[in-house]
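What follows is subunit A paired twice: with subunit B in the first complex and subunit C in the second.
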Partner chain A sequence: MKNFLILCFILPSIFFVSNGQAITLDELQQKFSQYPVTRANFTQDRYIQGMNKPLHSTGRMIISQHHGLWWQQLTPFALTLKMNDQRMQQIIGQQPPQIIRADEQPQLFQFNTLLAAIFNADKITLEKNFQLNLSDSDNAQKWQLILIPKMAPLNKIFHKITLIGDQYLLQITIDDKQNDKTLIVFTDHQTLPLTENEKHLFD
Partner chain B sequence: MKRIQYWLMCFITLLLCSCANKPISPETWLTKGVKVNLPAPHFDQVYHDQQLLTFSYNGQQHSLITMIDAQNDALSVVGLSTLGIRLFKIDYYGKVITTEQNIFIKELPSASQILSDIMFSILPIEQWQPLLPKGWQLIDTNEQRLLINEQQQTVIEIKYRQPPSSQIRKPTNIKHYIFGYQIAISSME
Partner chain C sequence: MKNIYSINCDTLKKAAVLWGLIVLGLLVLAIYLLPKSKLNTSVLSLLPQTQNTAVPAELMTGFQERLDKQLVWLIKPKLSDDLEPVKWWYDNLTQQKFIEKVNGLMDQQFQQEWAKTAYQYRYQLIDTDTLTKIKNGTHLPWILSQLYSPFSGLTMNELNHDPLLITRSTQLNQLSHSGNLTVNNHWLTAKDEQNNTWYMIYAQLQGSSFNMQQSQQIIKQLDELTLLLKQQWPDTEIIKRGVLFYSDYASSQAKNDISTIGSLSILGIVILILVIFRSIRPILLTLLSISIGILCGIVAVVALFGEIHIITLVMSTSIIGIAIDYALHYLTERMLHGNQETAWQSLNNLLYTLIIALTTSLIAYVILLFTPFPGLKQLATFAIFGLMGAFFTVICWYPFLVNNLPVRLNIGERYLTGWLTLWQKNSMQIIMTLMMTTFIAIGLTQLKIDDDIGQLQTLPTDLYQQEQKIIAITKQSHDQKWFVVYGQTPEQTLQRLEAFIPILNQAKQDGLIGSYQTINLFSLQQQQQNIDTIKQYAPAIIDGLENMGLTPENSRLNLNELALMTPQQWLNSSISEGRNLLWLSLTDGQSATLIPISDIKNITKLSDLSSGISGVQLLDRRQEFNDMFMHYRIHLSELLVFAIIIICATFIYRNRNNGLFMAIKSTLPTLLSIGASLAILGITQQSLNLFSMLALILVIGIGIDYSLFLSNTKSQTTGALLAVSMAALTTLLSFGLLVLSHTNAIVGFGLVLTGGIFTAYLFAPICQPQNKQH
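Let's turn to the complex of A and B:
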């Protein structure tokens, strides 16, 4: 599943971390909201247990603290997902947009909000819900954060979620309870403010 | 009904139900009153495909991703939402079909119906013909395969890009005249 979309939505703040000494969760937190906009290209491989080839897709995305997530899959077929705390919109090819609003599916958005709170580096929530393993490489250029859910609902869905980054978030690996695995790699990060045209992407 | 909410509701659904692993009968409905056994899978070549299926039914469209692996006596089909959420997995090995239904979406054909349509599309007609009712025919004509009933009416029409050959053809469109749905198929490979 593309739970990573949720993760990405709530991950803007984790895109930047310090390059100092051994990284702590506090340091991650401190850096979390410095950059209001991040763009990146992505490749995703979805490995389904028992199937020979992964499902491969590519595209680009923008995360804005103010506007939400804009996720555009370009291959193997065009799909655009826009998401904020009020609504989610999916467009496939030339088909009409499909929209779900928070007031129509409060349970869903409650769940999103839970994850958002977690990945917005609410340390208390993070430690309450996950067993955490934060480490960095010898030269502190890269860090890895492993999240192992401790309680429902997350532990019904995920075995673990692994985030790897340096200055930016570089990779998300999701190991889920169906023994499927999703690997998303981000490249070509940019952090300039949104252009006027880009703002309209979130409409 | 907003299809997207089903995709998104997976997060909730997964909390409420565990996966259902159950064997199902290797049979399929051709019309409301005609049921036949599915052929046991037997492939003399390796077949793999990833497809975007777009169902048209009653003026509405719903999309689904399928992953298909076939080799020797085994056929596996995985259905995913367009966001990559796993909906079902079917393993057909020998004479046993095992279905793992992760999320049920009423707007989409059942997993077993999808399996049936895939098997009608990729298996040689020789494997189907002995199982069809008396007077029914499965015919390959150029870039088309037709299932015709005893009254010479087309029940299912399958389109391909290639004419028949020794290689398994990948379908591009399936139209079921009795059940009234159509599937446009885009290969994702």
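Let's turn to the complex of A and C:
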């Protein structure tokens, strides 16, 4: 469950990165909010030590500056997640949604608040919480940002989080403390404004 | 009796010696008892044991004592992750001898223990939500969602040991009920509205009860620590909450009250005696009778109650004003007639009226004795024995001690006679009565009734604000309303709790309450049922995982030979942290658990929830007490009306030979003094409550004396007026000074008495015999 709390705040920031010039953290942040809406398909592979094959899942997601995140896993089972900075809703299959509100359950929202602080605030906060490593690849279009958490609770779970992007965010690699690993690849990006129907997805 | 005093000196000597022995005995008793007795400062102990609840009193007392022992601090360092001042405070508290336990630090070891216990008892103590999901088949998808989530931190190891992820599920569900408190950097923290981090440290005091000196010492030590903290970290904020802080404040206030009121009334009395008697000896004599009176009162209270309440002490200072009357009457008699009669004759002349005066006052206090309030019983006991002590000192010893007391004749004779003559005029009587009636009418229109027990307690602004801030930050309810579930055994209590929870859930769903909190422990029966349920459903879930190819190789369900958790084990384990205060088990097995309720929408409907269910009851102590105050206020006012009717009838009967008009007139002082007492409450914006009623009883008991003395055909009226004037003045002085108290209820008490007694004194001459002057 906690996973999505984090995604919510990483994604909005990362998806709006546009032209990759020789990039600085300031520029990266400046470009975070260029597109109000981004859609993409995702495939996720989770490698857990002791499992003989990775857990493979696919789905679609929409990120909107105004509405938050809508994340729908389609295979191997349906799971929908909607969230903004006030609440998070998770629907597994046909079950009634599970709702967590920031003001009622702050402990469960701790990740959110921390990451919101990091990504909405300035470079200083970011550098305070993560050890950062931003680099351009040979192809000037691509960049890579490595986040190494310095503090609990993030550093208890993650070894590092690597983001790779060009115009859009293309890939997230999450290395767990226990040497487990998750790779999420985004494809088919679209940045058209939300349709009325799509807006209702966030309700 | 007359004969004894006029003839038999020997008997008198024997009486004096006997009284001397008694006083000596009392002194020894006082020296023996006092160091062992406790000064009670808790407001709640002034109130009756809640008899209208079925909850065993021992359990209620147990919870109350525990509550009294809690201290809470919130610390806000300048930088939110600067743990130095928090650690410093924690360490220093731990070192204090008066602290039993300090909480707030959840270190590595604690968290490991916690996790270990949570894992060990995962099936037994599975949370209800998870159990429901297991039953309705929605637990499997949840396990999958955890498995596929890149941020769940789920490892093969966890899956192996707990394939159903029950520990994880229970933990997450419990977190979602944890309120505003979170564990941060191993410390318990909460955030305020400005997003500042506050670290919470709470502690239990060692021992169960504290005398005034001990708690003062503790407060002093804590204040010093706070000062040191502020010196080292000037920008660190620290706020506190705890019953101890309030009770210490209350006792120091009361101490102030006692010393101010006590010393001022003694001072006033000394000045008055000096002015009238122009001699030191009467002062020493009155102080002697007052001291012996106080001695008798204290010994009686301590012997009967084992403790003395601080409010009793404050109110008892007012006894001085009454106790001194006997001495004053006698000394006045000696001063005026010392040359014509012997010390015995003087006593003889006064004895009858003195006994009547004592009796009326005693009757008033005896009525207080029959109220169910421990505080008032103490006050009444103190007064009854105190007044008797003063009385016996006067009649047994004074005749031996007043030899050669200076005689002064005709003191203020002119004024006294003038005053009496003035009152004989019809115009004076009518004008005064009309004026007083107008005053009463105005006052009564403004009179409000308020039965809130909060008046018994003065909340110091500073402490109160800190408390409010702590409540706001931690979002803990301060309603002090809870259900208590109790039973003969721990198991019965837990089973009753389990039966009641569905009702609470329904109430929550219906919006009757915002939330509730219970202990995280089940009855042995429920624990076994949980295990059985999981045994029944686990295979299907494991099959489901297998079908997706997700079964770990070494999966261990371990569903057999599981030990159940007893309440004692629960208390000793780390998983009871933060909730252990909600559970209480006595040595005989009787147990109870509290369910704090917050955001109550409808209190009447709430108490209906538990009606008819044995072993469950809503506790709303404040409301209960307010109701009780109201009940007794009404009860006493009925008693009062009855008493007034009797008194008026007696007056009318006594004066039946002087014509109907005179007879009716003789009831005026009593009626007007009652009216004036109530009016003065209205005019000073004090509200009418139980305490005013109690004061009214005393107004009648004491005020009647003045009419009795002045209408007594046997004594000389101006002499009686002088004695009555002094008696009234001293009484007014000591009751009037209660107005200086810091406690609202005592102020109201003092106001009623002052207004009533002044009026009784003012109108007493209306009863003087028409034909008798000089």
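Descriptive notes on the structure:
As a working rule, the second predicted complex is superposed on the first by the 186 of 203 C-alpha atoms of A that agree within 3 Å, B and C clash if a C-alpha of one lies under 4 Å from a C-alpha of the other, contacts with A are read in each partner's own complex, and residues count from 1 in each chain.
Throughout what follows, a contact is a pair of C-beta atoms (placed from the backbone, for glycine too) under 8 Å apart; a residue touches a chain by one contact, two chains touch by 3 or more.
None of these values were measured; they are calculated from a predicted model.
After superposition onto subunit A, partners subunit B and subunit C are found to clash with each other. Legend: residue contacts after superposition of the two complexes on their common chain; A:Ile174 is shown touching subunit C, with no touch to subunit B.
Residue contacts after overlaying the shared chain place A:Ile99 against subunit B, while subunit C stays out of touching range. In the superposed pair of complexes, A:Met88 makes contact with subunit B only, with no contact to subunit C.
When the shared chain is aligned, subunit C comes close enough to touch A:Ile184, but subunit B does not.
The superposed model places subunit B right into subunit C at 131-139; the other stretches listed in 131-139, 383-391, 455-463 or 563-571 stay free of clashes. Touching of subunit A by both subunit B and subunit C, each in its own complex, is seen for residues 1-3, 5-6, 44, 46, 48, 50-51, 53, 55, 57, 76-77, 79, 90, 92, 95, 100, 104-105, 107-108, 111, 152, 156-157, 177-178, 180, 182. The residues of subunit B lying in touch with subunit A in their complex are 2-5, 7-12, 14-15, 19, 48, 50, 52, 54, 61, 63, 65, 67, 69, 76, 78, 80-86, 89, 91, 102, 186, 188-189. Subunit A contributes residues 1-7, 44, 46, 48-51, 53, 55, 57, 73, 76-77, 79, 90, 92-93, 95, 100, 104-108, 110-111, 152, 156-157, 174, 176-178, 180, 182, 184 to its touches with subunit C in the complex. Taken in their complex, subunit A has these residues touching subunit B: 1-3, 5-6, 44, 46, 48, 50-53, 55, 57, 76-77, 79, 81, 88-90, 92, 95, 98-100, 104-105, 107-108, 111, 152-153, 156-157, 177-178, 180, 182. Across the complex, subunit C meets subunit A through its residues 138, 141-142, 144-157, 159-160, 172, 175-176, 178, 180, 182-183, 185, 191, 548-550, 552-553.
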